[in-house]
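Chain lettering (A, B, C and D) follows the sequence in which the chains are written, and residue indices restart at 1 in each chain.
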Amino acid sequence: MAGSTFGERLKVTTFGESHGTAVGVIVDGVTPGVELDESYLQVQMDRRKPGQSSVTTPRKEEDKVTVLSGLYEGRTTGTPLCLLIGNRDSRPSAYNDIQEAFRPGHADYSYMAKYGLRDHRGGGRSSGRETAARVAAGAVARKLLEARGVSITAYTVEAAGIRCVRFVESAIEANPVRACDPEAAIRMAERIEAIAAQGDSCGGVVECRIRGAAPGLGEPVFDKLDAELAKAMLSIGAVKGIEFGEGFAAAGMLGSEHNDPMNAQGFLSNHSGGILGGISTGEEILFRVAVKPTSSISVPQPTVGTDGQERVIQTRGRHDPCICPRIVPVVEAMACLVLEDHYKRQAALRA
Amino acid sequence: MAGSTFGERLKVTTFGESHGTAVGVIVDGVTPGVELDESYLQVQMDRRKPGQSSVTTPRKEEDKVTVLSGLYEGRTTGTPLCLLIGNRDSRPSAYNDIQEAFRPGHADYSYMAKYGLRDHRGGGRSSGRETAARVAAGAVARKLLEARGVSITAYTVEAAGIRCVRFVESAIEANPVRACDPEAAIRMAERIEAIAAQGDSCGGVVECRIRGAAPGLGEPVFDKLDAELAKAMLSIGAVKGIEFGEGFAAAGMLGSEHNDPMNAQGFLSNHSGGILGGISTGEEILFRVAVKPTSSISVPQPTVGTDGQERVIQTRGRHDPCICPRIVPVVEAMACLVLEDHYKRQAALRA
Amino acid sequence: MAGSTFGERLKVTTFGESHGTAVGVIVDGVTPGVELDESYLQVQMDRRKPGQSSVTTPRKEEDKVTVLSGLYEGRTTGTPLCLLIGNRDSRPSAYNDIQEAFRPGHADYSYMAKYGLRDHRGGGRSSGRETAARVAAGAVARKLLEARGVSITAYTVEAAGIRCVRFVESAIEANPVRACDPEAAIRMAERIEAIAAQGDSCGGVVECRIRGAAPGLGEPVFDKLDAELAKAMLSIGAVKGIEFGEGFAAAGMLGSEHNDPMNAQGFLSNHSGGILGGISTGEEILFRVAVKPTSSISVPQPTVGTDGQERVIQTRGRHDPCICPRIVPVVEAMACLVLEDHYKRQAALRA
Amino acid sequence: MAGSTFGERLKVTTFGESHGTAVGVIVDGVTPGVELDESYLQVQMDRRKPGQSSVTTPRKEEDKVTVLSGLYEGRTTGTPLCLLIGNRDSRPSAYNDIQEAFRPGHADYSYMAKYGLRDHRGGGRSSGRETAARVAAGAVARKLLEARGVSITAYTVEAAGIRCVRFVESAIEANPVRACDPEAAIRMAERIEAIAAQGDSCGGVVECRIRGAAPGLGEPVFDKLDAELAKAMLSIGAVKGIEFGEGFAAAGMLGSEHNDPMNAQGFLSNHSGGILGGISTGEEILFRVAVKPTSSISVPQPTVGTDGQERVIQTRGRHDPCICPRIVPVVEAMACLVLEDHYKRQAALRA
């Protein structure tokens, strides 16, 4: 493969498997002279790490990030940052029983087809563990975006079949589901715990708002801002779809309803989700991603082994009954990487 | 900008504006020695060209494709193909009245913010006209995929609020909406014509099926097959969302419902849409894209001019009341480009 | 192949074969709003075109460049420029006799090995004809560099075994060899004509000076400015080597001789050729390229045919006895593309 | 910057500074299932590491390479290899005295111009230390090339003004200069030691032979095999030039002398250095690089400080009087990376 690199002018390359020594990332193209330290990065790492609440995996990972290069006397040097996150709590033993079987919903079968071999330990490279490196890299981009006045916030709008009916930003980090509706959050948590108790899992929808982005970001015709965000989001394992602004609801609208009129003060609505023709308009950029139910469940499932023999599998690992709350910081991280990269690309165009 | 190039090993670069001399594309990395001629490409061009029916724009474009390079004695040479499509029916006069105003739903405002200037003639580079070049390039990829036993078919599943309830493949090219349900197609056409008569437009949903794709296509972690397809589809102007397999419906499912079990014969279901961990499973690859209502309508809309003055605009061009039928070949073309590129990338990995 | 694209933020993609309909190039990433017209580009085209003097091929090509896209009302729009150059004087007949034989010094054999087939007409894609597209693209970059105060000048310093002993800039375009020494130029021309009369060819050395380049251009560690210039120059068919500053002579120097000391006014010497650690210093960037003798000669040479049979070949085309004067504008064009691309990359880094 | 990544299908990204915690590299796109272990990589690391002999720096670095990812049960998995090399013997103290001055011949001044700040400790990212990561990555490529029957050997042909007059392959690794002529090697070592005793340094020329490379490698027109090798070699700090086959000597030859004739057995000579039209012919690929004298010398040199004040500098670090013997494995490593990448690119083209 050679798909471990993302971005053009802010370029990130991740490495590492779920049960190897470590995961990490190189961030190249960082603006020099920017104040940065590990504690700033750790804030985001802590939002993604396992074991945060009753609705996430009890697995324990400290997810301590270390900067191996690119920093000098507390500032970025413009040379590549290498961010390393050690793997602490790896229990390959827990995976031995599934060593020779393809877990339904996992990449086991497709990876075997691609590589002709398999690192069965918790999915190896296909594990969500790899996203820890993305969150670290995204935090670097977030730091650069802060100076531009851009803020990026994601949150759960649906989980376990329950939808948020209001948006209370202050509630997001105050509930274990990271939902934007405090009342819905309570019912989501209850439902998720009940599903977990049955050894099952559930999905949800995560929404992301990007505020303060300059107009003019995105590159016609293939590197449209929404196209790049779509690639970034679908590169997250559990994400099965994305929609911008009205999204799929636009299919049922009339042009006269969907078009955003303007007056001298600006746009009068934002059905487009802040992007027209693939270029940011300066309005809030709004998109939602569909999150599938976690593939790892302890309900017995029919499958086959690498030997082609049919068997019933029951994964005993300690998994997230609903991945939404832990995907929120990953969605933000990827959005940060896309935005900062496009700020740099726009600067190159107009230079 | 520098976003006019797509693909890594099969690399396409498009150029041209809606009302310039021509649009075109360079296709680099084509397997040498493959039989190809203009008539094969023209078949796809004719599916996208305007003026095909009562539900598409009456604008006339012959969309004749010419091969300027890369072919010798009826075979590809392995050198870049340059495919040129002249612009015939350009009536800048029809656009003079909107010269100084930003058309709601169009890229006029965002392009002005990006470039600091504007080619107002029908959207210039942001026009759907550019997709003619993609269809030509996609036809080249389709030719390569045919030899691999891969077939790619897209069709309308929803338009003007009407949904298809059955899948009749033979019906698709036999109705003007390119819908997979012949009865629904009739009602769609009637509704679209009625909407057009009011000077308005409507959206829809286009679905795409890729059959015969080998397992193992796609590259962890950022260049997942679904991530690349998502970027390709969102790079089409009118597309506002994409979902794979169950897509957004997966948000409401349990893991035990969504996971695809296997037996010795293979997968017992395909909720994943033929992609696991971003890698093809060998099952049918299935995705849907949300198509927004055409931005160009003749209903009066409030907007502002480049002078900042408020005004009411009424675009008088001859536009598509519903772009779904003409987006179908574009969706197929982009899917062909992604698939063939990944076949070549997989060959490089395993080489 | 997929090697027809060059550059990251100023991206050029060429197409076309020596005896096809046309050659051309797409230039993507051009700064919007820059005044440009075909006559400006034509000035450079005329410097490269054949039939300029007694020391170049008598072949006649008007090399008229046409802009198909990316210009509107005399200014760049920021969208891709497509520059087209028609092929006029193609005489495949002249090549029929060599149709089945591999011409010594040409890419015939290696292309056959690569592609498994062959477009024998004058080398097809491997022909120097392709550089016409580079010169057109380079002229666009030159226009952007002029606004930055950068000037790029190349000239012959050695040809047919005769070396220039002085640098008279005004003499360069005033002699058919484009030599920087008017007296040497006369002897070079005489020697080249004598060699041509024998049906043979000769090589030379072309030097290039880049003045006014800002310090700080080039990207550690792989995309060093000299590394990118080296790739650009070696991508020119007849070039067999490159050296910067003292170049190969540095091999025989001491550190105390080669290091460039500084005082408050700046560098006291420029042995480095204006590049330290791969980054421009602000001094004049100086490099030389080795140009091999033209491969096409009418002296009989032993070779083999595609049938494996040995034969003697005598190419009868109308060729350049010394390609140096026509390579000069190509060297300048490639240098322009590299410099402008790095200005844009530096803008992205510091954005 | 974003220049820390090299290659298209075999993609390497390096990180780290001379006096930071570590240097390292991610190698992405490695063929899965290949047997590999750290001891294989260490063999090449040991050839580059300092302190090998009287003609290299006495600095001590163990240069122990550790594989952090991409290996499982002794085989490559196809996922990114992360190779880490710790920095042991860093003595920033030795650099304090030059903290505020620009060292002649070093990248200090140009880096300051690029980044607006400076990591003065031994050059930071611009230090030759970074090449340790390249050698580790190159060893991975070498392993893949061995299976293809490709061997790559570099050696010193000139140092301190002394040239090799014969090629004895067995002698190369048996003398401290890695020269191909054992007698010349002795005189080179003596001369280098004498120069070192004066606190000065000297340059040289390193030649590289690639045997067993298939014909057809390299991509027209910009990614020619010689163009890519040139970029790779000029990306090595001390390299100031490169020439292929006859190289600069070709400038003085006639076409009838330089062209390589063929008979039924193949080429009768190899003036081209195994590359025609940028594509390998199957003959031995031969090139030479010019190596400048080490910039770090203890001879007093006039320079200026970051404060603009003139001063005399005398670098007291422990440096290589001639870098040729330690550049040999770096040249080989970069050549390995280029070759293996092009094997994969060719596989993609013909797939």
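We adopt the following convention: a contact is a pair of C-beta atoms (placed from the backbone, for glycine too) under 8 Å apart; a residue touches a chain by one contact, two chains touch by 3 or more.
Since the structure is predicted, the reported quantities are computational estimates derived from the model, not experimental observations.
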| item | value |
| --- | --- |
| Most remote chain, CA-based centroid, reference being chain C | A |
| Pair exhibiting more inter-chain C-beta contacts, B-D or A-B | A-B |
| Between chain B and chain A, distance of the C-alpha-averaged centres to the nearest whole Å | 26 |
| Separation of chain A from chain D, taking each centre as the mean of its C-alpha atoms, in whole Å | 39 |
| Inter-centroid spacing, chain D versus chain B (mean Cα positions, whole Å) | 46 |
| Residues of chain D whose C-beta touches two or more other chains | 1-5, 8-9, 14, 29, 32, 78-79, 114-116, 125, 220, 345-346, 348-350 |
| Touching residues (chain side chain D, partner chain B) in the complex | 8-9, 29, 31-32, 78-79, 220, 343-351 |
| Interface residues, chain D side, partner chain A - complex | 1-5, 8-11, 13-17, 20-24, 26, 28-29, 32-33, 68-70, 72, 75, 77-82, 114-117, 119, 124-125 |
| Sites on chain D touched by chain C in the complex | 1-6, 14, 102, 104-111, 113-116, 123, 125-126, 130, 158-159, 161, 195, 200-205, 214-224, 226-235, 237, 240-248, 250-264, 268, 272-273, 275-282, 290-297, 299, 301-304, 308-310, 345-346, 348-350 |
